[in-house]
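Here chain A shows up in two complexes: once beside chain B, once beside chain C.
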Partner chain A sequence: MVSKTEEEQLNRLENQVDNGGGGAWEYLSLLIKLKIRRSDKVLKYGVPILNDHKKRSALGPEEWTLYEQVCIAAMDCHQLDLSKDCIKVLKKKFPGSRRVGRLEAMFLEAKGLWSEAEEAYTSLLEDNQFDQVVHKRRVAMAKAQGNLSGAIELLNKYLEIFMADHEAWRELAETYVSLQMYKQAAFCYEELILAQPTVPLYHLAYADVLYTIGGLENLQAAKKYYAAAIDLTGGKNVRALFGMCLCASAIGHLAKGRNKEDKESLELQTLSAVALEKDYKQTSPSKLPLVSSCLRSLKVPL
Partner chain B sequence: MGGDSPYEIHQTAYIKLILHALKHRTTAVNAVLLGRSSASGSSVEIFDSVPLFHSQIGLLPPLEIALIMIEEYYGERGLNIVGYFHANERWNDSELGGVAKNIGDHITRYFPQAALLLLDNKKLHALPQGKDRSPVLQLYSRDASKNWKVAGLDGSNHLSLKEPSANIVLSDYISSEKWKDIIDFDDHLDDISKDWLNPDLFK
Partner chain C sequence: MGGEFFVGVLGVLILSHAAYSTIRYRSVLKITEEQFSGPPIDVVIELIAGMVLCLWAALSVPGKFLSIHPHSDENRMVALPANLDFIVFNHRGKAYPLDMDLKLN
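Now for the complex of A and B:
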């Protein structure tokens, strides 16, 4: 997961490189560090470095990391000859390397040779059954072949061993959502909230899932989690504020006549609406009339 | 219902859909179609489209907010939500998934002749080579038993491009990587200074 500041820093650097201001290696290193997928840029700026003998040796031992990075990016952009060349170079430098073995298996994946890739991963797992990257590649392979239930099964097995892997929980949750298995997705977000209760994203996603499942109890719970997300983000998260308004409106419709519920909901809804209008007035004033009108339509008449 | 009402899509609406899909190649994306039916009710004209999301498409709250805002904005301009566009996550997945069908059903409640468009990846891939003037989309409409069916090859229920040179214009935009500029509702919710109307996209 990347924070807004990190993303801004990356985009600034990217702009700089795009406009000929240099800093390609810093940019590429940052991409690795933040684990962000911009394969076309990696190829654009990584390949010239690798092709230039001077620039390459200036990197020292990082040269090999760059080969790996370019190799994977090439597979992502379906430039398989390029990735094959990178693997050749790495194999020569690191014969018998497990890390290179993984790249070779990924290459088989990229070519769509699923059973060969599966064999390669299985053999890598025989040597080390706790290789997280290989486990994840198998999930990715299942997904790539459209076998979402297989991917889910593999992810669940993976999480039994590596239950602290938050990215895996997120991946599982998102896969469940894409299959409209909302209760299972909710479970994943519950795990994430337990593990990292101060990350607003999880509260927000959980609230979204609860709202989607529907029903008065879930809506009331969703309201609490939208409130948590609003709290954790200092009232600046537009999605949470909108979510609160939607929730209050839906609860109002379902729980008509329950006075206590109406009052509390209405207050929260009003506060959220005010915060949203303030935000739009400041940042996107042309949209303000539209947003105000929509927020008004969400207000439940008492 | 579900008879042979042809659908016609304007260039602007069409290109936005494809550019949006190209911007987010590694995830599913979706969009709504705006337009109206003809005076006789026998055809539907799609004037515009609003790209919606590229993440967690199966969740309701962002979708509801988007639909409320879009309906209100375009309603004032005499246009309704007349359809839905979906592009699957995987290149070789040409099936209409559950989420797409559900959203399509929802839209049909308000506009019975709603069109459901699915991105045709193979056609999109072949675009630069061929001289195909038909849209790179697969049209689905609801039959009498409320199932989403692919538009018939017999010509009934088909989708055409209003401007015959739309694919040429699209190819141009693809070469110039225009997709980088397109904003969807997800982008807007992350940063409300980004305008989901994309007013300056084609200027």
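Now for the complex of A and C:
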């Protein structure tokens, strides 16, 4: 999870490193901590540290973490020679390690040798049946080959065993959304909200899915979840505010005539519209007229 | 940090002095054979002062408070982490090779 302060810290550090101000190692470890994918930067700043003997030995045992990080980043950027060198170093240091074995299988994946990679993962699983990362890699491999239904099948099997893995639930939800299977995606997001009720982004994603499914009941539920997201972010999430406006407008269109809770709905819409206009006034005043005319057109005449 | 810690130590000293004074007071009472109805007023004042100092030090020495509001900057999630366990290498990055010459030596 990346909170606002952490994001600011990351941006500051990235700026500093990009402008040659030092702190490359702090930046790289922050990337690991926040699980952020910046493979090009990892290569740009990680390789010089690994090549500098003094800097490298100053890291202590963290040196090997950096090798692993650089190795995966190199695969992501298709610098296969570099990742091969990293694996060689790691293998020499940790012979017979399963973690290095995983890297080797990932290297096969990056090369596009799917059947070899599958074999490698199967043998790793024979060693330890409950290696979660290897199970996840097999899902990712199915995804990489474009076999989304296979990935879903594997993920469902995985989630039957490891039900508490919210990252896997999220992956499943996103895969369902990409296949436009919104009912199933909604179920996954419900699981995510149950597991981590304080993360506004799950509420937001669930509301998005419900809004996409449509229908009066779903729209009303979506409105509630947008409201929850606004509540949890203190009204600083623009997407939730826009979603609230759209939901209220869609409900107004659908429920014309039988207006029971129209008043409350209208109030919420006006409030979020005001919040949006205030936000735009602060951050980009040039777009304010566009936004206000758009928000006005969303209002349903009673 | 140093100043606050010193205030805490001072508070503990004042409290122990108050305890010492009470014991002395009770032994004096025993000699004069009077009933103990409560500590004298200066000991009570000392107790309150010591407690306030200790409280203040205990609240400020261990560190600063973290926000419990879900919408404060420390707690507000703005991005989900990239799902790195499911990272896929079969993407358009292949078509855009990096213009860096990177080698381990």
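Criterion: the second predicted complex is superposed on the first by the 302 of 302 C-alpha atoms of A that agree within 3 Å, B and C clash if a C-alpha of one lies under 4 Å from a C-alpha of the other, contacts with A are read in each partner's own complex, and residues count from 1 in each chain.
Basically, contacts are C-beta pairs under 8 Å (C-beta built on N, C-alpha and C of every residue); 3 or more make two chains touch, one makes a residue touch a chain.
Source: prediction; values computed, not measured.
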First (chain B), second (chain C), both or neither touched by A:R37: both
Which superposed partner A:Q79 touches (first chain B, second chain C, both, neither): second
Chain B versus chain C as contact partner of A:V139, first or second or both or neither: second
Contacts of A:K287 with chain B and chain C, given as first, second, both or neither: first
Greater chain A contact set [chain C / chain B]: C
Contacts of A:S149 with chain B and chain C, given as first, second, both or neither: neither
Contacts of A:N11 with chain B and chain C, given as first, second, both or neither: neither
Touched partner set for A:E171, first chain B, second chain C, both or neither: second
Touching partner for A:D279 - first (chain B), second (chain C), both, neither: first
Doubly contacted residues of chain A, that is, touched by chain B and again by chain C: 37, 144
Chain B residues within the chain A interface of the complex: 26, 28, 55-62, 64-65, 68-69, 72-73, 89-90, 92-93, 97-99, 102, 189-190, 192-193, 195
List of chain C residues in touch with chain A within their complex: 69-90, 93-94, 97-98, 100, 102-105
Of chain A, residues touching chain B in the complex: 37, 144, 146, 174, 177-180, 182, 205, 207-209, 211-212, 238-239, 242-243, 246, 279-280, 283-284, 286-287, 290-291, 293-294, 297-298
Chain C partner contacts - residues on chain A that touch it in the complex: 1-5, 7-8, 34-37, 39-40, 43-44, 47, 50-51, 72, 74-79, 81-82, 85-86, 89, 106, 109-110, 112, 132-133, 136-137, 139-140, 143-145, 167, 170-171, 198-201, 231-236
